[in-house]
């Protein structure tokens, strides 16, 4: 092993410890015949057993840098610089030699476990395949090892789950299977690309716990890519901050949080919503004797089973009300029925019992014609900014759609209003004719909000509107949202699993478990002084962006979960 | 054999040379243009099926190589008086089941043909027969109310076969089985695949047949049939399409056996429909058909233009006297149309797409009609649809092709006699022609007959219920190692030549 | 799964009842007379009328219709009006011969199409890909009978490598049988091969970009295995579900192929029957063909369910 | 589609997308793609020739202009003594007319059925999809012969027959696509706005399932040209003397060894048309999809 002495990084890991060293890495993509840079002169290194977090805004090159390590970029990518693994230069290594390293010595955990696992093979088959491609072990032994791995990553009933297809597992379980596959070769380095995005807090906490344990058990180094500063605080030893394809700062985790040097890092940290003591959404004018915008009483929703099969009851007798101008936060673990309630209110699923009154009218009993008039009084912001906009419509047309459908005004006035709305959500008015794919996630989400606001609704249903966005973008969107709510005074049902966000925005909070309301009340009371264990666990599971505080919370959470 | 053809045993295919005479043995593979659907001895579904029928069955008489009627099951035959026709049977003829042929079987056979329920193809030809009886064990007498010159032709027709009374009365399915006195025994028919015959060892002509077996394979597609012959998949095919005559005649290993007398094309008019009830219009159309050009394009010259009599001179001596009666004369046609007040007439014509010998001439006559200022709307229909259209007279004009039933001018009545199968489609009735035809059928003096039929044809050329276009060259093609086969002569539509065919060697 | 099967079988029976009824009336709506077909050219109108009566064609439609179903439920497919043969005597072997042709052609076009599609996809926008796309267009554009004729001319007449032979059953002489199979199968496969190539290419272009293919590479799998097991396998799903449509197209094309090559299959039986208005045979063949198509659709749906574990749940 | 003037687009501040081809007007983008524009130009030429066919053809397609099966005229003389070039031009017109209208019939009905079946679901889709299976289970030639025999062999009826026969292809594709799209959030967003179901189908779902439809359309035209040829082969297509490319190929078959060009010319023309249609179809699919904007320049 030739020791390539690395010119010390800022924090100076001792060279002998270094297992992976990325030096002056540049990656270009060929687009329309031209080479466009994505990553410019990036250097960082990872020592044995160390956890390095790569953070930075969306599109800053985190994934590209990490995938460069194993040469997993498409044929339109060009890499320059150096990537040393142990003593081996990975750049320019031939495919055969690279394959011996992939999976065996450096493993990757990908961001979206649903798409990263092959949907037509059971997870058992996929893990067995990973084991067998490096070692010619007999099938029976490979299966036994797989079972062990599944146990190790904490999948319940591993014998049964082994034979499950990815879609038959919950998001958290899929991610664990992915991890089991990654560690099957006892790799020296694990690269985890946003392993917990889109997972709810409790699952996220479990996965982070798992990664930590793996590092301890296998002594592997971990490179974790994330946009959640809480996760960084929870797990990382060292942090590399990237922006626009370049590294802007690199520091041990405690120092980074206590003393961020680069302006961007500071911005990133300040963008994290966290409860500022004493601060809460002010109860505004509508408070006294305000009319009720939404009254949901004893709502039950049952998803029909296919052809005589028993249906699935997702919501059991939930009652909530939202006064005019108020925001109600709806929280709960994944699958607890949050979205279902939101969808029932806007009429996307039918309530099987109970009543839903919007502005005094019971929408469950209205005929489609009568509903028409009411439609313009409520709207919805969807969770996924990518799929809630029609890819074939320009964003201007998307925003105009509700106005045109509801004959809001003549064409000219609609155009004007589209520009106004774009302005309100802080998008350049010239962008009206852009298409969704030309926008970043945060920008798309703003379009979604603009569309929802087009008809000046009295009630807005926002279903996890920021969960898929990175912190800096999330902060902008939230600020905007708060702003608009203040100015326009609509009532809002805000669905989220991020308690920080909920606390920031909501006047009241309702906590949901298995389709039942377990707790509700003013936000401060519920979140600061939870009355049920369930709520407490929920709160404890959310990591806070402070390594010291997070260590304490983790201890607490472990106790609760254990 | 489960849907797969009975291939004859290899041993049957061996050919034994026979010094100074036809070789013995061998199996002949024959590509047939249509799949003979119905094997009934008395109902023909077309010439292809007649090949089979005449291998398994015999009639009382048959045509010889020059088209003369000679004995088959008969040993003696002829008019015993003006109103009686007697046939004496050959002795010792056996059916394939071993039983002996009797006069009873003959009487039974003809009564079956005359029974309308049978719908026998020869039925209409036997309409003059008053009774048929067995005079003794070996003699049969047909009695008439008036003389019938056409009767021997009815006896020689390929569907006037003698069957075993016992066999039929035992409930045999005559559509799927064959059992006769013929030189070959029927083995099996697999629809669409093959029909197989093997030599009948007890055939009454001791030498015959020479072949051990014959296998017919239906090949409906012209191209496929010709290709099968060219690649020696079969030894022989029928119905050589005009477009492939060249390819075959250029090949020295192949022989094309054909005639240009028998099959012909015609354009028929529904003579009761305006404006075709006007003879000037019909004549104008007849004059606008450029027959030499139709022949050159539609049949690539394989045939003869037909500008006179319907009957060919081979059996109608008067025919040449009528040559040139229907020249190509668009100017005269225009004039006639003008006279009839039908300038710029639009002509709805129906024809069939199923047979190129019918479809191609119909297409080829269009330029001539256009030259005379007529517009043609040609509609091609699938065969039975076409037949329905013609019978239902849904189109005033049809373009068709066929052949006389037998080689005598008496067969004219099918076309211009008021009850003829083809005249029915034309709503054509002319008392004078009917008289002449009846007279001709009664008259025995050849010269007198000649004059009578000449008269009838002349009148038909004047009234133009239909106009004849071209005689097509029609025939079979086979390898030169197939010997003894002759194309049916003189319009004697028969396929008995296969009984005497032999092979010099296998392909 | 069982519930699915029961439901689909129920639907299949309804479909067959429908097909049977439609074809009963459709066949009789075609102008032309089976009696005329049975008697040949020269028969007089009087003879035709008598034969019509003998064939029971004069009886009221409804009675004929009910009789047809009554016989069918007793397992009697009827008897040809023209040849007098029981339909059951011919139908099984003819279906067998057709299916042999169609299934072989399908197999050939699947194998060739998938291989070519895979090559085109892995070399997307390279010369090999362009050549394959153009080649597949060639296959799609040429009518079946032209392909058949050209093959016959080239391989049977001009260079008699594969002369058409007498139809020989596979039991008697397998080698000869295979030889006569080649040209019709190639003819039949030409067009569907092109379609499958295009479909495979499109589907694989998608899966090659899928995240799980990247995962497979990250595991350290050999590239061949990545493509075969991960990219190709999932790309097969749309191909399989379109294969059922392709099969019905193939069954349709056999009419021409069987005519050109004199293949004793179901289609030529049907064409003959249509040409003669042999109603019992038409009904029987169409019902048989419909049964095949409906079963194949069912199997196709099942195959997708087996190949794609996700399908079961939605 | 709202398209901003280029100048405005270029004046825009820093954009997150590098798809700089994205602002060009549709037509310009089409011209920018060489393969698509060559195919498009060829198709345009074909359409012009087809429309103006009688004016362009050097002879009347019915006239005898020379000795049969010789090489007179530009491209030879056919078996009936007619000018091959003139017949090719008219045949092109016939074939394109039949094929394009048949495919349009099939496309419109098939897509509509697929949209409804996929969107409404439940018993409606069972009825539609099983009905489509019934349609598929009729041997196409039987259906064609029956329908054409009943209605007559007029070209309009041939269009109808082919149209009906090709419905299943479209319905099946659209159905499966709609199933995967109907639960997308942007469809739900339309629902919440109160958009009528018909509008959701036509304006939201249809454009998003258009890619496979376009591919299928261009493929189907070739099948329809062939189908018409197949029907003519059985005597049911264009009635003589009116030529279609299919009937010309069929007729040319008989003279393969005498004058092969009678088969080659129409065959080559069919191949060119189909190739152009497919290349153009693929190009259109990419161009119509905003996500592909500016990909290949």
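Each chain gets a letter, A, B, C and D, in the order it is written, and its residues are counted from 1.
Throughout what follows, a contact is a pair of C-beta atoms (placed from the backbone, for glycine too) under 8 Å apart; a residue touches a chain by one contact, two chains touch by 3 or more.
What you are looking at is a predicted structure, and each value in this text was computed from that prediction instead of being measured.
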item	value
Chains touching both chain A and chain B, listed by label	C, D
Chain pair with the most C-beta contacts	B-C
Chain at maximum distance from chain D, centres defined as averaged CA atoms	B
For chain B paired with chain C, centre-to-centre distance based on mean C-alpha positions, whole Å	38
For chain A paired with chain C, centre-to-centre distance based on mean C-alpha positions, whole Å	50
Centre-to-centre distance between chain D and chain A (centres being mean Cα positions), rounded to whole Å	44
Residue list for chain C, restricted to those that touch at least two other chains	30-32, 149, 153
Two or more partner chains touched - positions in chain A	none
Multi-chain contact sites of chain D, meaning residues that touch two or more partners	145, 149, 253, 257
In contact (per the touch rule at the top): chain pairs	A-C, A-D, B-C, B-D, C-D
Of all residues in chain C, those that touch chain B in their complex	30-33, 36-48, 50-51, 54, 80, 82-85, 90, 92-94, 96-97, 149, 152-153, 156-157, 160, 163-169, 171-172, 259-262, 264, 268-269, 272, 275-277
Complex contacts: residues of chain A adjacent to chain D	31-33, 36, 59, 343, 346-348, 371-372, 375-376, 378-380, 382-384, 387-392, 394, 396-397, 401-402, 405-406, 428, 430-435, 437-440, 443, 451
Footprint of chain A on chain D - complex, ascending	1-4, 8-9, 11-13, 15-22, 184-186, 188-195, 199, 204, 207-208, 289-291, 293-297
Chain D-facing residues of chain C, complex	11, 14-15, 18-19, 22-23, 26-27, 29-32, 133-134, 137-138, 140-146, 149-150, 153, 195, 198, 202, 241-242, 245, 248-249, 251-252, 255-256, 267, 270-271, 274, 282, 285-286, 289-294, 297, 314
Chain A-facing residues of chain C, complex	3, 7, 209-212, 214-223, 225, 229-230, 233-234, 237, 307-310, 313
